[in-house]
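Presented sequentially are two complexes of chain A, the first with chain B as partner and the second with chain C.
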Partner chain A sequence: MDITFMLEILPQFLSVLPITLLIIVVSTICGFLLSVLVVAIRIKKVRLLNPIMGMYISFTRSTPILLQLFLIYYGLPVVLALMGIHINDMNPTTASIITLIIYNGAYMSEVVRPAYLAVERGQHEAADSLGFSPFKKLYRIIIPQVAPIALPGLGNAIIYLIHDTSLIFAIGVVDIMGLANIIISSNYGMNQIEIYLLIAIIYWIVSMLSEQMIKYLERRKQRLPYNGSTKEVA
Partner chain B sequence: MFMEVSTHKMLLLKNLQISFNDEQVLKGINLTVNKGDVVTLIGPSGTGKTTLLRCINYLEKPDDGEITLGDVHLDYKSIRKKDILKIRRKTAMVFQQYNLFKHKTVIENVMEAQMVVQKKSKKAAYEKSMEELEKVGLIDKINAYPSQLSGGQQQRVSIARALAVEPEVILFDEPTSALDPELVGEVLKVIEAVAKSGITIVLVTHEMSFAQNISTKVVFMDKGKIVEEGTPTEIFNQSSNERTREFLNQFYTRKN
Partner chain C sequence: MFQLDVLIEDFFSILKVVPQTLLLAVIILILSLFMGGCLALIQRKKIPILFTIITVVQSFLRGTPNVVLLYLGYYSLPFIVQYIVSLMGIDFNPHQLDPVITVIVVFSISFSVFQSETIRGSLHSVERGQIEAAQSLGYGFFHTLWKVIIPQALVEALPDIMNSFLVIIKALSLAYLISVVDIFGQAKLLGAYNFSYIEAFVAAAFVYWILCSIFTLFINKFELRLRKGY
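For the complex of A and B:
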C-alpha cells in the first residue's frame, strides 16, 4: 500500500470532483422536481398523461441504469434527428445528467407518492372545511406532513444517485471514476488498489455529507414551531 | 325581540341532490335553518345525513339544487371555485374523527385558520384561541400534540378550532360516535354550551336523548329524503309517522 502515492494523486481527483458534484446536484434537484410533477399527474389522474407516467416509471425502474445511459447517449440524437433537430456530438456530461434526471424522477416519485397518500383524507377535509385555498392547504397542512415521511426515502435515493454517477465514465465523462480509469491505464495497471481505495473514500465522504444534510432537514421538520414563541405573545 | 332574531333565515337548501356511482343518495332535500337554531338530523344509517351535512360546506359536490347561506346564494349547477371558499368560510365542521392537524399543537390547531384564512395577527389569533380553549376546558393542554390527547380532548379542541373562526353555521358530524363511552359526556357538555350560546348548529347524531334536549328542530331522514321535521316534542313524542316511530323505538322505550 503506497500512501504517499495516494496523497500525490489526490489533487487530481479533487480537480474533477466538481464535475461529479455538479451532476449530483443538478440531477437531484431536477429529478426531484420531475418526481413532484409525476406525482401530481398520477394523483390528479390527468387523462392521457397518467398511463404514460405509469409506463415511464415501470420502464425506468425495471431496466439497468447503464443501459439507459447508452440509450440516451446514442439513442437521443437519433430520435431528435427524426424530429428534425440535429445534434452533431452529444456531450456525455449532458447525456449523463439527462439520464440521471429521468431515472431519479421515476425513483423519487415512488417515494413521494406513498408519502403524500399516507396523509389521511381527514387532514385535507379539515383544511377544506375551514376555507383554506388549495395552495395554503398544501403549503401549511399537507407538505409539512408529507416531508417527514418522504425525507428518509429521498435521502436513500440521493445516495443511490451518487453511486450511480460512477457508471457515467462508460460514455466517456471524466469524473472521479473516469479519471481513475485513465490513471490506471496510463500507469500500466500499477497502484490500482490505491486508486480505487482513494475514490471509494471520496464517494464515502460525499455520501456521508449528503446523508447528514438530509438528517439536518429531518430534524428541522420536527422542530416545534410555536413552542417557545407562545410565551412571547402571551 | 327574540322572535325576530329566531325567524331570520340562516341556511336554506332547495332541492339538493347528489349521487354516488349512479345511486342517488340525496333525493331533493329542502331544509330551512333559522338563525340560532339547533337542527338535529336523525335517521337510520346510510340515509344520507352525513352526506347532507358535508354538502353544506361542499366537501361533497351536489349534482343539483341551491343553497343560501347568510348573504351568499349559490346554484350547484353553476358553482365557481371562489364561491366554494365563500361558503366554507361561513361554516365550520366538527368531524367524527376529529381531524386535528397532526403536526400542530393544540393552540396552533386553533390559531391556524384564523391566521391563514382570516389573516388575523398572531397575537389576535392567540388570544381568540385561548378564549375558545378555555370554554372547552383545555387551557392546560395548549402545547400538547393531538396524539398526546384522549379522543374526548381532541374533539373538544376541534370544537374550539371550529368556534375560533366565528362561523355563521357550525356543522357537527356524529361528534361522539368515535369516542369511548366514558368520554361522550364531556363532549356533549361542550356542544350543549355551544348550542346555548346562540350559534346556529346543524348536528348529525345517534345520541337521541341529547338530540331531544338541545334541538330546536329535529329532522328525521330516511332513504335520502326528509320524512318529517318538527320540534323535539313533535318528533320524539307525538309523531304519527310509522317510519319515525319505528326508528325511535329502537333507541328508547317511552316512559308512561
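For the complex of A and C:
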C-alpha cells in the first residue's frame, strides 16, 4: 500500500469529477422530467402510448445498464440514419447521458406512479368540488402529498444513478474510471489496488453527501405539513 | 445494415451461456444470503465491536459501485489469498486465481449488504410471541432460529430474494471486464467476431428480457399463492 501515491493522483481524479457530476445532475433532472411524462401517459391511459410505455419500462428494467449503454452507443446512429439524420461520430458522453436519462425515466416512473396512486381518490374529488383548476389541484393538493411518499425512492434512484455512472467508461468516456485505466496503462500496470481504492473512497464520499442532501430534503418536507397549506387555500 | 440472420444466429449462441450465467447467479445468491443472514443476526444482537465494523463496511459497500469493487477485488484478492495460504505453509501463485472466483467473492460480499436489509425486514415480521412461545417450550437459540424463525421469515422474504436474483443476473454483465463470459460477455465476443455489434447486443437484450419476464411471471404467481396462504 502506497498512501503517498494515492495522494499524488488525487488531484487528477478531482479534476475529472466535474464530468461525472455533470452527467449525474443532467440525467437526474431530465430523467425525472421524463418519468413524470411517462407517469402522466400511464395514468391518463393515453391510447397507443400506454402499452409502449409498459414495454419501455419492462425493457429498461430487465436489461443491464451496460448493455443499454452499448445499444445506444452503437445503435442510435443506425436508427437515426434510417430517419435520415446522419451522425458519423457518436460522442460517448452524449450517448451515456441519453442512456442514463432513458434508464432513469423508467426507474423513477416506477417510484412516482405508486406515490401518485397512493393519494386518495377523495382528495381529487374534494379539490374538484371546491372548484380547483386542474393545474391548481395538482400544484396545491396532489404534489404536496406525493412528494413525501416519493422522496425516499427518488433518493435511492439517485444513489443507483451515481453507481451507474461508473460504467460509462466502458464506451470510452474519460471520467474517474476512464482516467484510472489511463493511469494504470501509463504506470505499466502498477498500483492498481491503490487507484481503485481511491476511486472507491471518492464514490463513497459522493454517495454519502447525496444521501445526506436527500435526508435534509425529506426532513424539510416533513416540517411542511400539507394540511396547513390546503387550509390556507380553502 | 441490420442483418436479421446474424441476430438469430447470435441469439442461439448467447442462449448457450445462459445456464452458466444462471449457475453463477445462484451461487452468488446463496452465498450472499448466508452472509447477509450473519450480518442481520449481528445487527439484531448488537454484538459490540462487530456491530460498529459492520456499520462502516455496510456504508462503504453501499456507497461504492460494483465495478469499482470488482476491479478492487480483481487486483487485490489474489494477494490476499496468497497471504492466507502462505500462513498455512502452502505455495500459491497469485496469478493462478480464476477470475470466476473473484466475481463470486466480490458479488457475494457486495450483495450480502442488500440481503441483510431484506432479511432484517423479514425477521421483524416474525411476531415476538412466536419466539417467546418457542423459548417457553425450551427451544435453544439455534433450534428456535431453524424451526420457528427461518420458516416464517423466509416466506416473507422470498419475493425480495427473487428480485435480488434478477439484480444479480444483471450485475453479472460486469464480469466481462475481468474476462468472465456471461450473457453480455458472449454478446461482446460475438460482436467482435463478425463485426456486427448491434445485432449481438440486440440479441443479448432479448435474452435478458425473456429471462427476466419469465422470472417476474414466476415471482408474481408465487407471491399470489403466498398471500392466499394467510
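The rule is simple: the second predicted complex is superposed on the first by the 223 of 234 C-alpha atoms of A that agree within 3 Å, B and C clash if a C-alpha of one lies under 4 Å from a C-alpha of the other, contacts with A are read in each partner's own complex, and residues count from 1 in each chain.
Operating definition for what follows: a contact is a pair of C-beta atoms (placed from the backbone, for glycine too) under 8 Å apart; a residue touches a chain by one contact, two chains touch by 3 or more.
Note that the structure is a prediction, hence the values are computed from the model and not measured.
When the two complexes are overlaid on their common chain A, residue A:L130 makes contact with chain B while staying clear of chain C.
When the two complexes are overlaid on their common chain A, residue A:A200 makes contact with chain C while staying clear of chain B. Of the two partner chains, chain C is the only one touched by A:G75; chain B is not.
When both complexes are overlaid on chain A, the residue A:Q145 reaches chain B alone and has no touch with chain C.
Contacts of A:G122 after superposition on the shared chain: chain B is touched, whereas chain C is not.
Which of chain B and chain C touches more residues of chain A is settled by the count: it is C.
Looking at the shared chain after the overlay, A:Y56 reaches neither chain B nor chain C. Within chain A, no residue touches chain B in one complex and chain C in the other. The touching residues of chain C, counted against chain A in their complex, run 1-2, 59-60, 62-69, 71-72, 75-76, 166, 170-171, 173-174, 177, 184, 187-188, 197-198, 201-202, 204-205, 208-209, 211-213, 216.
If you check the complex, the residues on chain B that touch chain A are 57-59, 85, 88-89, 91-93, 95, 97-103, 105, 107-108, 111-113, 116-117, 122-123, 126, 142-143, 158, 161, 165, 171.
Across the interface of their complex, chain B is touched by residues 120, 122-123, 125-133, 136, 140-141, 144-145, 224-227, 230, 233-234 of chain A.
Residue ranges on chain A touching chain C, taken from their complex, read 58-59, 61-68, 70-71, 74-75, 78, 81, 159, 162-167, 170, 177, 180, 192-193, 196-197, 199-200, 203-208.
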